[in-house]
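Each structure below is given as structure tokens.
One chain, chain A, appears in both complexes that follow, with chain B as partner in the first and chain C in the second.
Now for the complex of A and B:
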């Protein structure tokens, strides 16, 4: 049902020409995605989606709308070939998920080997009582380091683009820059 | 009873989505997004009780705070066209 509502919101985003309505609909889309994540018990992802997707990125798009116009131009080009490419790519992706184990299946490889090992041995191997923290900070340490490098690079790029303005010590600029970094994180 | 509440909330979500799609003015759409956030957190709370996980209520509370701040930020952006301090003089931006 939530997926159905998400589909309606997505069609609205594509079809509407009033860009303000599109921004509002994308906020609604983010809220729907966040409640979907909560139902999948991924609460932290849902928090990030609700705050970044529905809050910060909506504001950033509104800031862009204040610079540009409110209505999208009509384009009359032929869309059949891009549609074909999208359909083929989507079919290939769905075909790729066919031989994956079902969601939450007890005999999935991740549930057979990895999770019992984490539950039994992560306390003695790492020394952190919380299993999720030990996975994030130690087992996936290089992954987290790579993500941090990516976010740091994005922050440097945004600062280079924004920081050379005429009034570089205005508080608005330094308040804008970290929010864009958080958008890149998602 | 929780199932009936869930169905009612989903119907209200559909109506809010229709208002955001059709709404003629800007304020209809802002209000629709605010209402949709409220419905989403109600849905999370009700689903928490429906699946015997009442700790989802805390998550719904945090969602209420996020929703409130987002609506205030959108409206403030409309009024002042930026979120920082006013350019000069008046302190209207410090609401």
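Now for the complex of A and C:
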């Protein structure tokens, strides 16, 4: 049922030209994904999806819409070749999942080695009840460090592109008022 | 949004609870769902709400640009610093066992510090991105 609703939302995102509605639909999509994760008892992931996917990124997209405008341009290029690439990639990915063990299968490699190890040992090794936090911050501390640096880099990128001192490179400004270089030439 | 008195009053009432909930998610992440990422986002949401209702200029008075930039780096530095301190104490990078007298105590301390670093960077990042986007005067 949730997957069906997600498919409807995704189809709406593709079809609609009103970007405001698209942003709202992507927020709904994230919220549906979050409830799917709750259904799979991955509460931490659901929490992240709800706060980041449905909350902050919807807000940031709305802030972007305030800058760019509400409607998507109609593009008339031929979509056949991109469609072919998407279909082939999707088929390859589905073919890849055929070899994977079924969801929750008891003899899956992850359920045989890693998960019992974390469930049995993390209580004595780390001593905190939330195993997800133990794995995230301690066993996989390097990964989380990498993720933090990625977020840091995103902020730096936004600051470099749009932050202070942007007027010097913005072409729209020099059209109205003469820039410093032009004044020197005069 | 100066004339929306209901929004102003309700948001003013909500913001302390949002901040408190963020801190709860941050420091209760060891025991229940939650952690640095989620807490950082919720913490930033409180400032973004303030910025939406009361204007970016007023929000910038609460949290100046220099402060967010400093926090941005401080979070990553706290994470890396915890890892390096592990080396300094004779363990490996990001090895929390050596941080305190007992291994479990060290793990507790290490996870707390690292999660706090994550939360700081995430909150500062979200606030920075929103304020920079919303502060555009096109």
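Everything below uses one rule, namely that the second predicted complex is superposed on the first by the 147 of 186 C-alpha atoms of A that agree within 3 Å, B and C clash if a C-alpha of one lies under 4 Å from a C-alpha of the other, contacts with A are read in each partner's own complex, and residues count from 1 in each chain.
Assume contacts are C-beta pairs under 8 Å (C-beta built on N, C-alpha and C of every residue); 3 or more make two chains touch, one makes a residue touch a chain.
A quick note: this is a predicted structure, and the numbers were derived from the prediction, not measured.
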Is A:158 touching anything from chain B or chain C once the two structures are fitted on A? First, second, both or neither.
second
So, does A:143 touch the first partner chain B, the second partner chain C, both, or neither?
neither
Going by the contact rule set out at the top, does A:55 touch chain B (first), chain C (second), both, or neither?
both
Contacts for A:63 in the overlay, against chain B (first) and chain C (second): which applies, first, second, both or neither?
both
Quick check for you: in the superposed arrangement, does A:5 touch first (chain B), second (chain C), both or neither?
first
With both complexes overlaid on chain A, does A:120 touch chain B (first), chain C (second), both or neither?
neither
What is the contact status of A:43 with respect to chain B (first) and chain C (second): first, second, both, or neither?
both
With the two structures laid over each other on chain A, which partner does A:25 touch: chain B (first), chain C (second), both, or neither?
first
Touch count on chain A, higher of chain B and chain C:
C
Just to be sure I follow: which residues of chain A are touched by chain B in one complex and then by chain C in the other one?
43, 46-47, 51, 55, 59, 63, 66
If we count contacts the way the header does, which residues on chain C are in touch with chain A in the complex?
25, 29-35, 37-38, 41-42, 44-45, 48, 65, 69, 72-73, 75-76, 79-80, 83, 94, 96, 103-104, 107-108, 110-111, 114-115, 117-118, 121-122, 124-126, 128-130, 132-134, 136, 138
Contact set on chain A toward chain C in their complex:
43-44, 46-48, 51-52, 55-56, 59-60, 63-64, 66-67, 124-130, 132-134, 136-138, 141-142, 144-145, 147-149, 151-152, 154-156, 158-159, 162-164
Using the touch definition up top, name the residues of chain A that touch chain B in the complex.
1, 5, 8-9, 12, 16, 20-21, 24-25, 27-28, 31-32, 34-35, 38-39, 43, 46-47, 50-51, 54-55, 58-59, 62-63, 66, 170-172, 175-176
Touching chain A in the complex, chain B uses residues 10, 13-14, 16-17, 20-21, 23, 26, 29-30, 32-33, 36-37, 40, 43-44, 47, 56, 59, 62-63, 66-67, 69-70, 73-74, 77, 81-85
